[in-house]
Amino acid sequence: MKLHIVNRAPDAGRAVEQALSAMTAEDRLLLIEDGVQGALPSQVDGFADIEGRLYALRDDLEARGLMGRHDERVKVVDVDGFVTLTEQAERTLSWY
Amino acid sequence: MRYAILLMGAPYSDQASHSALRFARAVLARGHQLETVFFYHDGVYNAARLAAPPQDEPHLVDGWITLNAEHGVALQVCIAAALRRGLMDEREASRHGKSGYSVEAPFELTGLGQLVDLGLNCDRLVTFAS
Amino acid sequence: MRDEQTPDGDLLVILRHGPHGTSWLREGLDAALVGAAFGREVALLFMGEGVLALLEGQGPGALGQKGTGPTLEMLEMYDIEALYVEGRAMERYGLEQQDLLLETRCLDAAAIAELVDRNALVLTF
Amino acid sequence: MRDEQTPDGDLLVILRHGPHGTSWLREGLDAALVGAAFGREVALLFMGEGVLALLEGQGPGALGQKGTGPTLEMLEMYDIEALYVEGRAMERYGLEQQDLLLETRCLDAAAIAELVDRNALVLTF
Amino acid sequence: MKLHIVNRAPDAGRAVEQALSAMTAEDRLLLIEDGVQGALPSQVDGFADIEGRLYALRDDLEARGLMGRHDERVKVVDVDGFVTLTEQAERTLSWY
Amino acid sequence: MRYAILLMGAPYSDQASHSALRFARAVLARGHQLETVFFYHDGVYNAARLAAPPQDEPHLVDGWITLNAEHGVALQVCIAAALRRGLMDEREASRHGKSGYSVEAPFELTGLGQLVDLGLNCDRLVTFAS
């Protein structure tokens, strides 16, 4: 199992599309930085294929005033949780 | 576990450097070893020794230096990417006939091969980029 | 009577980046504040991700940018009152005026083109 | 006999940026060449705008990057022969294999996911 | 009349969409750098609304091997032509 | 006509700086006046005096210096954006208690107000950004 890290908004180019292409059925995806925009209910449909394996970083949601506005299907983790995700994954890939 | 970080974003201009520093601290706090932060692409600007951000903003260069001093994290800067961007240590400056220098210890200029080694030999390599 | 051909404003700053991820928003706001401090008539247009800069409940963020809240408060101090948002972006993010920190006017594409046309100088960030 | 669980390659470099506009392509290729020079098994995957790096008839470009042509020739010198392109990007740009400088294999999303899975180290540029 | 300058690929975020929103019926648009990808026949439909007012910079097309592959509805100018366009326009706006 | 250029991209990392230099030369070749190149955001990295790119790549810093020497083009660097990114001239360095400096004449550190002035007073302001 691998962890894919996306720091770009769904709007801002092809990072999300490319990450999704490269994921196997076990892989997880973590949204950080501007990537957390993808956790908004209006954006989250793009991640329907990986339901249950989509995460977003709490700090970055909070800084942007998006905590509480995010879709409930997104699992929120703090920085410790981010480290845990990298422990559990054999490898990580970043899409930016 | 043994971690390494690859950082490829300019400081201040975007969040990548801050994310990397935040992640580095969390890795160490959980008892892992953080072998190296490797600076490539615009990440090399993190090694500019003269940075003087406004006092109410986090000082990235100091953050990296503290990681090195307290946890022995190596701060390796890709030499080719650095030279292209006007960053060099005293030795490179004299080799290029320039006076002054912009990178100093604990940042060290090194080759790109080091990145491949880190990626293959550490348990985890995590990339932060702009 | 004012000449119809004269641009209405001195400076329009277009902010197209959200807060915290990059320094574009902050450096764009700085340009707007400087323009106003120099006595210019300044308007702001938030497009695309830029509309997220106006969202209530933001924190300081990793870049230590103090949240955009305090910066936006400075807009009032500097008498920058002409604030516009792109309607299409508001829709895309599912946002309404009540989600925003400041009172804005929501513009469609035609109104954006007109606003851009009415300012002597337009800077995009 | 080889263990099925063993990754097939040491290093996969994914190139997602076109030539000339930024230094991402060049700095990604440098990483691939260094990996190969150190005796690693290296594969390249061109995704999105990255497929344009393989287009015939390029010039040196404003960044003075010597064109990607000469750099791509180095791939052969360093025995980097595993070259892949993203099918979706080829389609989007209306490109065929015959438009490209080098022989590549065209992959759909499932094949990309498998390729990524089979390499010990994946670097994205 | 204003000149809008776009240096991003149609793919790479909202620069093209935003430039088009901000254009009046006389304004012109010049594609430079990675923006010249927009001159490809497969991409040019996005500029249908401004036919006759769409330009692309020759140097950037050539560097990318796109000269000759571009759609014939795009007017190709060299750097001198770029300067001329800025002379003819009252103002320029850049979208990146 | 009187032109000014606003440059907001890092050198080497992306094409904006090269586009700006190419455009600047074409403006001058057509007999216009180019008052100023204003460096903001990551554009300020163009003013790093130690740049040593590979010999077969265009040297941007030298390109800007030539424009200044041959055509009197002012090279103005936003002071706040520069300081944040670790760029300062000798005066700012001593003010911040740093030894060494990274920006020197003909580049000059100046305030952001200058940009607004340029935009309103020149006939044309053309922006190049990453």
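Should a chain be cited, it is by its letter among A, B, C, D, E and F, assigned in written order, with residues numbered from 1 in that chain.
Just so we're on the same page, a contact is a pair of C-beta atoms (placed from the backbone, for glycine too) under 8 Å apart; a residue touches a chain by one contact, two chains touch by 3 or more.
Protein identities per chain, from UniProt: A, E = Sulfurtransferase complex subunit TusB; B, F = Sulfurtransferase complex subunit TusD; C, D = Sulfurtransferase complex subunit TusC.
Worth saying up front: this structure is predicted, and the values here are computed from it rather than measured.
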Where chain A and chain F overlap in contact partners, by chain label
B, C, D, E
So chain A and chain E: same face meeting same face, with over half the numbers shared, or different?
same
Just curious, how far off is chain E from chain A if you go by their C-alpha centres, in Å?
34
Interchain centroid distance [CA atoms averaged], chain B/chain C, Å:
34
Cα centroid separation, chain C vs chain F, in Å, comes to 26
Tell me, which residues of chain F touch at least two other chains?
12-13, 15, 19, 22, 41, 57, 125, 127, 129-130
For chain D, what residues touch not just one other chain but two or more?
20-23, 48, 61-62, 121, 124
Quick one: which residues in chain A touch 2 or more of the other chains?
7, 11-14, 33-34, 59, 91, 93-94, 96
Building nodes from the protein chains and edges from chain pairs that touch, which of line, ring, star, complete or other describes the result?
other
For this structure, enumerate the chain pairs that meet the touch criterion.
A-B, A-C, A-D, A-E, B-C, B-D, B-F, C-E, C-F, D-E, D-F, E-F
Which of the residues in chain B come into contact with chain A in the complex?
1, 3, 15-16, 19, 22-23, 25-27, 29-30, 32, 124-130
Residue numbers on chain D that touch chain F, as the complex places them:
20-23, 61-66
Listed in rising order, chain F residues that touch chain C in their complex are 6, 40-41, 80-81, 111-113, 115-117, 119-120, 125, 127, 129
Would you mind writing out the residues of chain B in touch with chain F in their complex?
10-13, 41-42, 45, 48-54, 57, 61, 83-88, 92-93, 96, 98, 100-102
Can you list the residues on chain C that touch chain E in the complex?
14, 16, 47-48, 86, 88, 109, 112-114, 116-117, 120-122, 124
